[in-house]
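Pasting the structures in now, so scroll down.
Note that subunit A is present in both complexes that follow, paired respectively with subunit B and with subunit C.
Presenting the complex of A and B:
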């Protein structure tokens, strides 16, 4: 496996870095996209986008921004997996595929065990799962399953909130009784926790759930655990936050960061022709870009097995696998250093971008 | 590095008692005596200028998960408006870590302490520090709502084990000392208590706030941490909470104690609004208790956001949020609450807050006992310090502001009667020599030989705030980083930390505790060197013992 290729043909790594710098420096509005990287890789990529006066986006921004949009337009209650594990006496899982989005979820939240703090300690934990996928919920003995499709999740949450507020809903008496029972369970929780992933919830559904959380907190404690997006999305978002003030989908065309979830969405930028070169970073699994245009000058940083036949490819290592990497940890909700499980000498995203950056001049600033 | 002399400036250096025209020599990043028989490689004429050590901010929320949540919560609060200069990436990205370093440096600040680092989120704080250019940083680690400590206190464990835990946590999180935020109150909020005073009892632990902070206060002394326990008291922001503050000072056992952002506790219940300034009463108490130091948390009229690990208080503040939104995070111990707010000069309560803060500054006699914070960004952003210094230095300027406050405010504050004006020397005591003493820094906040060559040079003029906002020259570790109020390039500051001693046994005990309770290796919360982009990120500050 070559460490770098140009249109599928091997080239020297040093030449690849120079060539990448040339493509990016020559572009009027280059895009740094994918951003599937650890924190060091994200830092390097954002600094490169800034120097180039381009834009940056992450491949899971849709999910990340669903949560952030609710936070910044409405507000949000959250807790850590640890607190959910120790105190959560009523855990409400929302939507399908949570165990796929977070493979360690069941063990980390210890759903089969009782909570350990407060008056609820050693009392059986109530687990409710709305709209699980297939037999996903069977892994939690005693979980109450409420079947719902992804499309129905918003409606379910809305009905719960309406009944919590004592408002009428246009449902049959049997369903209303069922909902009223559930709402009573929520009301009687001492430390209730919603668990969700924005990969299956839209912002309105997340807001409905958070509004219910606020209302529940009038008399008891209730909060939430959100499951972060794939390919290091949470860590990248944090780094973007302290470096620029904003999450991904931020551009530097005017010499300072501007955040606009529509304007700086990577597929739109490429397909509209607004971006005229792209650096695609996907170091975890080599996920491909979702834009449709094939003629944009493209540099790909990805693991070995994903070498594309078109454009410039530079092989990079996988964060936490081939090299030590700082990542946002779903199990703690904080950043942690993951030691390499199978170290190699493949460059990290930060190292590869550092080598490209060294070939990109600072350019003209006022 | 070349031998440099700043020639003929007015040196204001309370640490050495200087307040006169003189020269400052430095070489290789340190202040030096004037060397015999050598001439300077660089001679800079600073006649007509004020020369001070770089300023030290002892309490400013500049980094960590809660600060970052606030950034993401409020994009409208920090739209950038101008392009940066060369060689200063992201320096005009508003509220970014990079801009923070640039703005502090421009004001002549060279060391800043972030006062609320959660032990389980220490790595992010340190990563953010790494991206704050130029200035040196440090943090205080938050304890006092954590099960391990509360459990030890409940079980009546010996002081030795508690001391070891404190020292180990400070070392492991790489901080400068301990902060305690509404001790027990945040845990109580998880048990659905909505108010928590000094003698309220934490459910299931049977401990009062008083007992928790006293234990931490003693441990801080026992393990030789120079900075006294940094306490965020109960009942922040409530009318009549002066009683809590006075009782807390009485509970301090005569031991060193630092009280944070005390303006937010200087409230009586007088007047038709049931809200008055108790700044004078508070100041009198501080004057009578030399073991206590305070920072003010001055309110400056502006749109801002409150960021606090006092989750109970922040939850209670949500209904008053401006704009109406907020984030409440029930963390492993303290967590955080982020609630935006706008302080308005026309608002009775805000005007009382503003007046109470200034009373504290002006009525506390010793400038090394009171510090100038705005509790950035809680009372206002740190960029308002220059205006604050100007207010302290001019009774006329205060009178102009007082004329704009709601009239009934004047009946409930002593501020109109206070004529004291801070001198430059007193400003330097508060922002340099006193701040350094408070953290046990022996080589900063001063211009004596051997000290770090962090130097701020100001051009005096009628506009006092302008003088402090744009330093004429700033040297960091001897390197010129600011000229005419503008940062010319970045240097990389250090993160300062201490390493108190402890018995290693506590480490094994903590490891088993984490395994049992969380099912996680405790090392997942570590701050290893390898996690940071640069190898030499840290600099150790010696402990008191």
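Presenting the complex of A and C:
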């Protein structure tokens, strides 16, 4: 396997870095996208975007921004998975595919075991799952399953909140009685936890759920555990936050960071022709860009098996697999070091970008 | 006297920030000074003179002959008593935080048109993008005054967190019309797709066509509302179809009961 290719043909790694720097320096508005990387890779990529006066976006920023939008324009109660496991006496899982978004969820939350701390310690844990997919909920014995499609989730949460406040809903008496029973369970919880993933819950539904959390907190304790996006989204967002003050979809066109979730959305930037060169980073799994234009000069940093036939490709190692990597851990809600499980000598994202950056001189463009 | 005119020479190569081209910010500047104003938002410099031919005139009205979907922040912070007309399209955030005055756009507008509007009258003859009159990322409230008339269609999330003022959409509205309304009024004469009025606190949404609004909107019956007829009279000159809609018998759905239930959706019965 070649370590670098240009339109499918092998080139020397040093030439690849020089060529990448030339493409990015010559562009009017270069884009650093994908950003599927560990914290060191994200730091290097954001620094590069800043030096190039370009923009950066993460491939899962739609999901990340759904949670952030609620956090910054409304408010959000969250806790760590470990706290939920130790104290949560009532756990409400919302939406399908949670175990896909976070494969270790059931093991970490230990839903089948009773909570170990708090007022309800050693009492059976109540688990409610709204709209699981297939037999996903079978893995939690005793879980109460409320069937709902993804489209219905926001309506279900709205009806719960209306009945929690004692306000009317346009539903039959039988359904209202069911909702009232469920709301009573939430009210009687001593440490309740909602678990969701923004991949299936839209920002308005998340806001509805968090508003219910606020109302529940008037008389009891309720909080949430949100499942972060794929390809290191949470860690990259943290790095972007401490470096620029903003999450991904931030641009440096005027020399200072400007955040605009519409303007700096990577697919829109490419498809509208505003971005005229792109660096695509997807070091975890080699996910492909979501834009439709194929004529943009493209540099891809991805694992070996994803070598694209078009544009410049530089093979990089996988964070936590071929390289030691600092990643945001869903399990602990903090940054953790993942030791490499199968080290290789491929460059890491940070090393590859560092090598490209070395070929980009400050202010050299145009 | 003829208006102060910017005639488009060429499509801008990148997005441009036109917030500097409002009457109060142009006042006292010579044509040469105006032509040197930097509009670019990327590392490529784009000056007024590169994009426009500037013809001096009465600054009460600024006219753009030719528009572009890359014209961002047109008429931002416009002051009362002034007017801006665009013979073409505009980009994002047209009329952002305008304090008053009048903006007319002959073509389409991008996302976040009339965002944070405080009192301007904004008319878009074509379609608008998503988040019409909505807040920018992280802001707590949307438009807080003024009147916005869209003759065409509106994108998703029109009227998000509207706080005060009137929105008229004569065409169709995208998903999540009137989400998180705080107060104010939205009228839609076309079809409103998908969820309507989710998390509505105490705003009014008037729809020409009925629909299913979910379990947290409760049917309150059909009414001949006196206020709606008064409101219709005040809207007659700006949007005749909206005035006609308000003059009809309206069925009221109270909601969103998930929030307070003080808001409403009115539909022509």
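Here, the second predicted complex is superposed on the first by the 363 of 366 C-alpha atoms of A that agree within 3 Å, B and C clash if a C-alpha of one lies under 4 Å from a C-alpha of the other, contacts with A are read in each partner's own complex, and residues count from 1 in each chain.
By our rule, contacts are C-beta pairs under 8 Å (C-beta built on N, C-alpha and C of every residue); 3 or more make two chains touch, one makes a residue touch a chain.
Please read all numbers here as calculations on a predicted model, not as lab measurements.
Peer 1: Answer with first, second, both or neither: which of subunit B and subunit C does A:77 touch in the superposed model?
Peer 2: The first partner, subunit B, only.
Peer 1: Applying the touch criterion given at the start, work out whether A:8 contacts subunit B, subunit C, both or neither, answering first, second, both or neither.
Peer 2: Touch partners of A:8: none, neither subunit B nor subunit C.
Peer 1: Quick check on the superposed pair: does A:208 touch subunit B, subunit C, both, or neither? Answer first, second, both or neither.
Peer 2: second
Peer 1: Considering only touches as defined above, state whether A:155 meets subunit B (first), subunit C (second), both or neither.
Peer 2: After superposing on A, A:155 lies in contact with subunit C but is clear of subunit B.
Peer 1: Just subunit B (first), just subunit C (second), both, or neither: which does A:259 touch?
Peer 2: After superposition on chain A, A:259 lies in contact with both partners, subunit B and subunit C.
Peer 1: If you stack the two complexes on chain A, which partner ends up touching A:220: first (subunit B), second (subunit C), both, or neither?
Peer 2: Touch status of A:220: first partner only.
Peer 1: For A:168, select first, second, both or neither according to whether it touches subunit B, subunit C, the two together, or no partner.
Peer 2: A:168: touches subunit C, not subunit B.
Peer 1: On subunit A, what residues does subunit B touch that subunit C touches as well?
Peer 2: In the superposed arrangement, which is not itself an observed complex, subunit A uses residues 72-73, 254, 258-259, 365-366 for both subunit B and subunit C.
Peer 1: What residues of subunit C sit close enough to touch subunit A in their complex?
Peer 2: Within the complex, subunit C contacts subunit A at residues 13-15, 40-44, 70, 72, 92, 111-112, 130-131, 135-140, 161, 176, 179-180, 195, 198-199, 214-219, 256-261.
Peer 1: Could you list, by residue number, the parts of subunit A that touch subunit C in their complex?
Peer 2: Against subunit C, the touching part of subunit A is residues 28-29, 53, 65, 69, 72-73, 154-155, 157-159, 161-162, 165, 167-171, 204, 207-208, 211, 251, 253-254, 258-263, 274, 365-366.
Peer 1: In the complex of these two chains, what residues of subunit B are touching subunit A?
Peer 2: For this pair, the touching residues of subunit B are 63, 65, 67-69, 71-75, 78-87, 89-90, 92-98, 120-121, 123-124, 127-128, 131, 147, 189-192, 203-204, 315, 318, 321, 325-332, 335, 517-520, 524-526, 528, 530-531, 533.
Peer 1: Considering the complex alone, what residue numbers of subunit A touch subunit B?
Peer 2: 39-40, 43, 47, 50-51, 68, 71-80, 82-83, 85-87, 107-108, 110, 116-118, 190-191, 214, 217, 220-221, 223, 237-239, 241-247, 254-259, 324, 326, 329, 331-332, 334-337, 350, 362, 365-366
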